[in-house]
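Below: one structure, written as structure tokens.
Letters A, B, C and D mark the chains as written, and numbering starts fresh at 1 in each.
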Amino acid sequence: MTLDLLLVAALLWTAVQSLATPNLFRGVVLFIVFGLFMALVWVRLHAADIALAEAAIGAGLTGALLLNGVGHLRAKQQSTLP
Amino acid sequence: MRDPAPWLILFPLIWASLAFLRGQGRGGRLAVAGLTIQLVLAALLAEQIASDGARSYTVGGWGAPLGIDLYADGLAGVLLLLTQIVALPLVVYARAYFAIHPDGISYFWPLTGYLLAAMNALFLSADIFNIYVTLELLGLTAVGLVAAGGGAGPVGAALRYLLVTLLGSGAFLLGVALVYGTYGSMSLQVLTPLINADAPAAVFIAAGLMLVGLLLKTALFPFHFWLPPAHGGAPAPVSALLSALVVKASFYLILRLWLHAFAPLVTTVAAQLLGFLGMAAILWGSVMAIRQTRLKMLIAYSTVAQVGYLFLLFPLITDTNPAAAASALQGGVMQLVAHALAKAAMFAAAGTIILSIGRDDITRLGGVSTRLPLTLFTFALAGLTLAGLPPSGGFIAKWLLITGASGSDQWGWVVVMISGGLLSAAYVCRVLRQAFLSIEAGTKFSPVSRVLEWSAFLLASMSLLLGLRSTEVLGLLESE
Amino acid sequence: MKGVLDLLVIVLCLVLGAALWWAMLDLPSSRIHLAEQVAAKLDASGVTHPVTAVLLNFRGYDTLIEVMVLFVALIGMLTQAEKGSQWLSAGYRPPPLPAPPFHLEVLQWLARVLVPLMILTAGYLLWAGAHRAGGAFQAAALLAGAGVLLNLAGLLPAWTTFRAGMRAGSITGLLFFVLAAAATAAAPHGHLLQYPAGWAGMLILLIETGLTLSLGLILAGFFLLLSAEASDGSDTEE
Amino acid sequence: MTSALIYALTGAALFLIGVAGLILQPHLLRKIIGFNIMASGIFLVLVGLGQREGSVDPVSQAMVLTGIVVSVAATALALALARRLLDLTGKMRLPGSGEGMPGKKPDA
């Protein structure tokens, strides 16, 4: 139960921070951390299939796609600024 | 084929996949052939429903609640038939349209196939999680079609549409999760008696979430903000498909859940609220339509207004006497059918006009009456249905709705319907008046293919003939 | 005005949250226990892992539509790709890779070791899905992950077009699933996705294999299509 | 209270955090993150309520797997559109339409 409550706190904190932190890159990284905590939660819920999918797709692939988006944004900002 | 139902889903999936294999811009002929077969299948299914009543089909042979069931009653039959009837002339139109204007075709054909598969699957589904999946397929295909228009306007509109549709299906899915958590099943057939027996608070919240999610997707005022840019900015065949059919899919779900599974939960207050939002949609959409400068935006705002009419249904069928409620329900479904046909015709006609003139501007329509008389006639016929003038299908729809309203002593809604009709007449006449002016200097009409003109005319004339053949439609609707 | 509306959204969220919590804490126990029905029918499903049985057999129809959702997202991305002037335009070629700096060399070495392992693991997950956690989606995600890793290590260029071969590869597995569904629906006395007795295990494995390859390509396509422009000189990370 | 129910309650909170982010954050990448958090919240409610009496529920787990795949598809499409918008307008924000919706107004 203690572990569950710690996980819940970690989930809520990373979720709020990934949306609210001013630095976009930090926000995406926190979202990936959120995904990894979600994978742990699925293990706690005896859902190994979802844990695997969440780690690979939710945190991994979605995270990679989002980081890519941040990369494009920065490239664009650098090319428009002198 | 004993059971047409699963084939109505499989066929479009197969031809869409083949069209994708053939590459960009290819597959128009596959689509026409596939849709012809689908039309036959839908007619077959409608006939079976009309003669033997509602049908169910167990996918996988397991049966609910373990498996998923398909279910087709009169309402589903009407919508399935309507979808194929509207889509077939539209794909013929689209082939001719993209032959002249290949920009924005890209993967139109496979996306249209998946769109139709999603719609057919949605109409047939009797499982709320399965409905969620079909909603996602429908939403993503529709967004893909809008985005294919290219340019910052359409892409921005598509992205806004995507975010709205994801928020809507998210709310719907949370509702599904709550219902599943409460009862342990997702099958509507299993859930209906359970909800009737006992509904804890979670189910009320679930119903509210699902309703709001579907309202977002149906673009009822004040959730209409995404619709005009998305429908107005897409290529004409796409606008026609979206305005005529896609918004109807989520409305169908609201109506079906309202009438059956969630019937024990509905309240007069909720029904009156939906009616008021519908009224606001009619007034706001019509006024905005009158103020537009672009023809396709005018038609898109007209969709906002016409969607409002559909929601006038709810105060008339909730806690009213059965005769009035039956008449109102018939009127609502007739309105849905008439609007689908008329709006498809109107967007198609507008697309032809814009192709010919080369720009989308209401003030530059002078000369259309002499150069494109058939297309203008199509537009006028469709306008007749939207304004609800006899003998169109729109007239029958409004007549039945007014009968329902007077039968339940709700005269306020009658005033709304009549003033809405006058407002529609106003924006249609605004276009017609411009079209009858003489050609402006600098306006050139490039020739357009006859297929474009006649396929749109076919749709418009069906919306008119619907008024004369309404008994068949209503008969199918009644079969339980 | 904007501030007031933001506040309204927040207040509505808080109210809904309170209602949800109250309703969930007040929930009676459910009447139907699908888990028991799944367990009872598991022997007839062709696999021994309940989640796979639900995904590919009891509710296989959901999965059929769901893989189409993935595919439609890919088509949506392709419609954008072909429009972009810089992004995936016909003449666009990624610039030649410069001599890799040290960290990239490490990454390349890592990729060469890891990618075969990832492919092997994907195969294992696919096969294991019949009995325990795993299956087509996880395996496909690993395949896509291998693609991402190769791209990051500079060994696999971003995709700038989607040629006929890739189109075929991305749809074949899905089309096989659809055609298998059509075959079951066309069989005498058959229903959509009702596998003939004794064939369920085999068919599910075949369908999952097809799905793994196609979904792997689609998921990799999500990343490789999106990363196209990042490689055109202006490096992104700070 | 079982731990599954605790996760369901957390899921409800995550849903609302995600929805708030999706509606209120003007930046498109944040909106997409908000959508993903919303989806994760729903999945927790689905499995948490399905397993609230302590037994493992393969049906809700399978539905969540379906949901995860659907949300990565939606995320990829949204990012592709956001990318294109960035190329066309230089911003990762939704352009304003003639009349907006409260909270969706052009705010940048």
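Some points to look at:
One rule holds for everything that comes next: contacts are C-beta pairs under 8 Å (C-beta built on N, C-alpha and C of every residue); 3 or more make two chains touch, one makes a residue touch a chain.
All values reported here derive from a predicted model rather than from experimental measurement.
Chain pair with the larger contact count among A-C and A-D is A-D, by C-beta pairs in contact.
For the pair subunit A and subunit C, the distance between mean C-alpha positions equals 18 Å. Spacing of subunit A relative to subunit D, judged by their CA centroids, is 12 angstrom. Per-chain CA centroids place subunit B at a distance of 26 Å from subunit D.
Centres computed as Cα averages put subunit A at a distance of 38 Å from subunit B.
In subunit D, 8, 13, 15, 18-20, 23, 45, 48-49, 52, 56, 61, 63, 65-66, 68-70, 72-74, 76-77, 79, 81-84, 87, 102 are the positions where the chain touches two or more neighbouring chains simultaneously. For subunit C, residues touching at least two other chains, in rising order: 16, 20, 24, 27, 30, 33-34, 38, 51, 58-59, 62, 66, 69, 72-73, 76, 80, 83, 137, 219, 222, 226, 229.
Each of the following residues of subunit A touches two or more other chains: 49, 53, 57, 61, 65, 68-70, 72.
In summary, the structure contains touching chain pairs A-C, A-D, B-C, B-D, C-D. On the subunit C side of its complex with subunit A, the touching residues are 51, 125, 132-135, 137-138, 141-142, 144-145, 148, 219, 222-223, 226-227, 229-230, 234-238.
By the touch criterion given at the top, residues 16, 19-20, 22-24, 26-28, 30-34, 37-38, 41, 57-62, 65-66, 68-69, 71-73, 75-76, 78-80, 82-83, 164, 167-168, 171, 174-175, 178-179, 181-182, 185, 190-194 of subunit C touch subunit B in their complex.
Within the complex formed with subunit D, the residues of subunit A that make contact are 1, 4-5, 8, 11-12, 15-16, 18-19, 24, 27-28, 31, 34-35, 38, 41-42, 44-47, 49-50, 53-54, 57-58, 61-62, 65-66, 68-70, 72-73, 76, 80. Residue ranges on subunit B touching subunit C, taken from their complex, read 3, 6-7, 10, 13-14, 17, 20-21, 23-24, 57-62, 65-68, 106-107, 110-111, 114, 117-118, 121, 129-130, 133-134, 136-137, 140-141, 143-144, 147-148, 150, 155, 178, 181-185, 190, 194, 198, 200-202, 204-205. By the touch criterion given at the top, residues 2, 5-6, 8-10, 13-14, 16-17, 20-21, 24-25, 27, 29-30, 33-35, 38, 50-51, 53-55, 58-59, 62-63, 66-67, 69-70, 72-74, 76-77, 80-81, 83-87, 137, 219, 222, 225-226, 229 of subunit C touch subunit D in their complex.
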